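All remarks here apply to the structure that follows.
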Amino acid sequence: MKTIHVATTVNGDAVEFICAPEESLLDVLRNRLGLTGAKEGCGSGDCGACSITLDGRLVCSCLVLAAEAEGAEIGTIEGLAIGDALHPLQQAFIDHAALQCGICTPGILVAAKALLERNPDPTDTEIRYWLAGNLCRCTGYDKIIRAVQDAAKKMRAA
Amino acid sequence: MVTVTIWGNLRAYTDGRATLEVEAASFKQLLDRLALDYPGLRPQIARGVSLALDGRIYREAWFTPIKPDSEVVLMPYMAGG
Amino acid sequence: MALDPTGKRIFKVVGTRPPRPDGIDKVTGRALYGADVSAPGMLVGRILRSPHPHATIVAIDTSAALALAGVKAVVTAADFAPQTDPTLRDIQDNCMARGTVLYDGHAVAAVAATTAAIARAALKLIKVTYAPLPHVTDVDAAMRADAPVVQAGRALESVPAGMPDNVTHRCEFGHGDLDAAFGGADLIVARSFTTAATHQGYIEPHACLASMTGDGKGDLWCCTQGQFNVRTICAALLGIEASQLRVTASEIGGGFGGKTNVFIEPVALALARKSGRPVKIVMARDEVFRATGPTVSSSIDVKIGMTKSGRITAAEADLRYSGGAFPCLTIEMGAQAAFAAYDLAAVRTIGWNVLTNRPKEAAYRAPGAPQAIYAVESVIDEACQKLGLDPLEVRLINAAKKGTKSSYGPTFDDIGLLATLNAAKAHPHYRAPLGPHQGRGLSAGFWFNFGGNTCVSLNVNTDGTVGVTEGNPDIGGSRAAISQMAAEELGIPYAQVRTMIADTASLGYNDVTDGSRVTFAVGLATIKAAQDATRKMCARAARIWGIDPEAVEWVDGAAVPAGPNAGKFPPLTLAEIAAVSFQTGGPIAGHHEFNADGAGVSFGVHLCDVEVDPETGATKVLRYTVFQDAGRAVHPAYVEGQMQGGAVQGIGWALNEEYIYGPDGRLQNAGFLDYRVPVASDLPMIEAVILEIPNPGHPYGVRGVGETPIVPPLAAVSNAVSRAIGVRMNRLPMSPPRVLAALGAKG
Amino acid sequence: MRYAKPETATDAARLLAAEPGVARVLAGGTDLLVQLKAGLVEPDLIVDIKHIAGLRDITPEAGGFRIGAAVSGAQLGEHAGVRALWPGVVEGVTLIGSTQVQGRATMAGNLCNGSPAADSVPALVAAGAVAQIAGPDGARDCPVLEIPLGPGRIALAKGEIIISILLPARPARSGDAYLRFTPRSEMDIGVASAAVALTLDDGGRVVAARVVLGAVAPTVRLVAPAAEALIGTRLEDGALAALAAACSAACSPIDDKRGTIAFRTEVAGVLARRAAVIAYHRAGGRK
């Protein structure tokens, strides 16, 4: 069964891999590129734990064929921090205890970053509807909304 | 002598009595004595019984001392979630 | 230890909100969960599951699968030595069906292959011949004499003779003369309720990586709430000694009781042993729903008697739970918890467990209590409405308190229900005005909380930092709380303590992370281990000063002479003692191993406002407030997190979550699309009000808080909806079609 | 399975037509990959149309807009022109799935998946949208209404693909709206849905209307009697009641894990009534 060679960019680094045609981008990130930050919670686009950005657009990597990544710009959770300097959202999630088990946290952080890049001053409701595709079962979402608001305020002031 | 309260469905094996007088100074002695006096209790004791002593619950502590004036209540072994 | 004017201890670290030790790994994606680890030569394992709800396995032909290139091993029940102990036999049969499949999704065989694609293809080549049998999925239907028999001969001695085979247990609790007490009531309300089975809904599917050496030594990496329990069960199922198997708990992506047992772990080990190579199994989401443990489905009758002034004179409940195709004792917890919040002269609860062709139940956060309290709090709310009484006042009149004989037997010690109710009464939420089609629901609930087997070792490093090694996987932030208690007891800053979770080869046995036990029991063991270490450090200081060890005490992080005549010596701090530990006798460590008792119950009161769209039956939660007694909130942010998370699981359970079976006995919604957990845009902020009524059983007064939050919300939401639409709702979930039908029936 | 990335519509159509086995078109992939992962479909060929020139463009045409088949819901939702012209259509598309799904899902894909509950289709039909279809031997136009044939079945021959959807010009004093019912506020498949497009005269009376229901029949359903209930009215209560009754009468839904026949039938009428009021306001009517 013919494999496909893909050249793409992940978190700013040039990356090449081979994959099977039906292999998802999530499977490649996790099993071939060792980037296990994106998680598979459902495999059907219903939980958001595998969220990444593809050419700047927030998507579920389980619903993208790895072959489609050719020439694309991929952003994953591993690209949020610059060296050991956390992104304001990452720091806010720690400060506000906006995570418990943390399995949904990578997907939510990538989604929240994509939101703030479009809407630096969102209302609580806007945050909640933007993050509706990121399921969290531990926190009840309350502290997540507060953490995103806190990070947004800091980023606006920066 | 200690007064032990047992729960509803165990009373089928103590000819209906809800409280029993038992000679025991520790949880293990209490369980052994009950098993002796009331063979019908043995399956439940084998499955696990917790002891509520003066409102404090001991899940399986054999040597918990029991004073004669303590409130002693048996409870099914607690399984968690 | 500093005391405040009233003699109460002043805490420096406990009660603060420091960052958790695993926070950075989790926000950067570095934290390693069950599926995040691989090994050289690793095979991919996949499990073949029954499409039938109930069938005899006539034959399994794995030859074609084995012949497929890339397939290295196939296992069936034949690869597991039959167990004599019934509990282990049920677990084994649930991991791999033996002779009969008992529910849609029951594991029948498993393969290990070099790639996932080959493993999937191999499953299709396994030919299983089934002889379908009649099935039953409803708890009341399963209790009828003519019901299909799920398993025969499983009834305990508690089941009266002549009951159908599916009835495996009967329990009864309570005290007093019911008939007389019902006689004294001005109003009697009796109503029946049903609740659907719901799933814990953790976002991380079960995953593990197993390997076995030629000489029978096993290594297992898995997401679990209890690696020691996994070792015990897997060693038994694989027929090896516990010492031969090391289990390492990965970071866990949620559990809520659903990861307190095993599903794929014994299968992965069996495949690893048979293939001689590491095997990784990761469940797909549909497997998690079909074949891991939802909580019990229930059918409950409740009857209470109440005077015109709101005093409950008598209370009675008959609770019928089904824990799926295998016997289950969760009914005992529900039957005991039902009326626990009330001071009752006469109370009786009768509980039944009934087998159905559904997956084997696993605990789901205060297992059995949410269903029971939902029925009880609904009936009490209905009585309040009928008598025109304030539901909170009625709770205050009847609340259990210190000295109350509980409905499940023991007399309560210090408990926080009254304080929690009064906090709710004083809170602005309780008096806020309501608009049209809006309703406010109130509900009170509790959980027993446990102690359990616990081991902690606390190592003082020569640089003055401290490592706490404990054995309980941390879902909700317990590592932070344990580090806080260690720092508090040692008198050093939180940042100098690091708490790690050990594998089964590095620490004594620890019970599973469940029963809201970790902050209580592991915290208690940590405090005692710290005291063990400070005693040893005081002895070192005594030898350095040349005085009697009894004359040295530990104050604010340092050894000091105990009193004036012990001698004038400047304090020796932990760091100073640690720096010379090699020279004064060797490394310093404190240990504590015990079976903790004295856990304190935790009561919660919830207030919920909803608005119901009368034209569609849709319910919107407008406001939600949780009041709960934590005894001592070690890390308030994570106590709030438990309160908020449990409330939202309860909201999902009340409004949209359910296992939906059709007449064919197959699960129809095995995915997050149609198993509808609450999403962010469904909810308001969840306000959490923490109360602290110290638990006498813990030096800092800590009570477990993890499970109570899911107990009240089912009724809080249901009472709110019932008041909003003027129709008493008695079935969960209150999906919009059911609410609209109730509105239509009201006319 | 083979993966192809043709750069012209004709190449795509030829590839699909020539494939003896199972072939699927990949635009957003948010339906296809779910079916692939669940093993519901095992294609021999997947044709990714996102690299065909023009298919990711939104271009003004004849007073309306031509939306490329590979335009995602997110992209459409950010287009001020389309939002202003046909807000109901944009509402339908942007309700599909989560923000993440919006980053990929396309109108054409939603239409071709053939689900009776497809969110984008009712408003497209209400707006009178027309799909441009490319085949091995040239292109043809087909009203969106005629494309769904039943659950999972569409009126495209083997080798045909939708390359764009034309949203026509909107007459003066007209407006559209789309509403759907889902148990949760997001993430669910519509249990019932309704789109209304209407045009008013200068006195605020309805002169033209299209009322379209989703998730209450094997395909989307254009309900003429419901439209007639609005003609000549200013959406007085009687007219709205008649609209709702006509909609409920047109329903032939099923009982399933999402809703009951009774629920879908009643709520379809409620949604149509509410959508009509929104469309009426958008058209400049005051009620």
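As written, the chains take the letters A, B, C and D, and residue 1 is the first residue of each chain.
Going forward, a residue touches a chain if its C-beta (ideal position, glycine included) is under 8 Å from a C-beta of that chain, and two chains touch if they have at least 3 such contacts.
Everything numeric here is computed off the predicted structure, so don't read it as measured data.
Comparing chain pairs A-C and A-D by the number of C-beta pairs in contact, the larger count belongs to A-C. Computed from the mean C-alpha positions, the centre of chain A lies at a distance of 29 Å from the centre of chain D.
Chain B and chain D have CA centres that are 68 Å apart. Separating the CA-averaged centres of chain A and chain B is a span of 55 Å.
Chain D has residues 38, 185-187 in contact with two or more other chains. For chain C, residues touching at least two other chains, in rising order: 256, 673, 679, 681.
Not a single residue position of chain B touches two or more of the other chains.
The full set of touching chain pairs reads A-C, A-D, B-C, C-D. For chain B in complex with chain C, the residues that touch the partner chain are 5, 7-9, 12, 18, 40, 43-44, 47, 52, 54-61, 64, 71, 73-76, 78-81. Of all residues in chain D, those touching chain A in their complex are 1-3, 5, 26, 29-30, 33-34, 36-38, 46, 48, 50, 72, 74, 97-101, 103-104, 185-187. The touching residues of chain C, when paired with chain A in their complex, are 17, 19-20, 22-24, 26-33, 35-36, 38, 117, 200-205, 251-256, 282, 284-285, 475-477, 635, 637-638, 640-641, 644-649, 671-673, 677, 679-681, 683, 685-686. Chain contact summary for the complex, chain A toward chain C: residues 20, 22, 30-31, 35-44, 46-47, 49, 76-78, 80-81, 86, 90-91, 93-97, 99-106, 109, 124-125, 127-129, 131-145. By the touch criterion given at the top, residues 38-39, 181, 183-189, 191, 256-260, 262-263, 266-267, 270 of chain D touch chain C in their complex.
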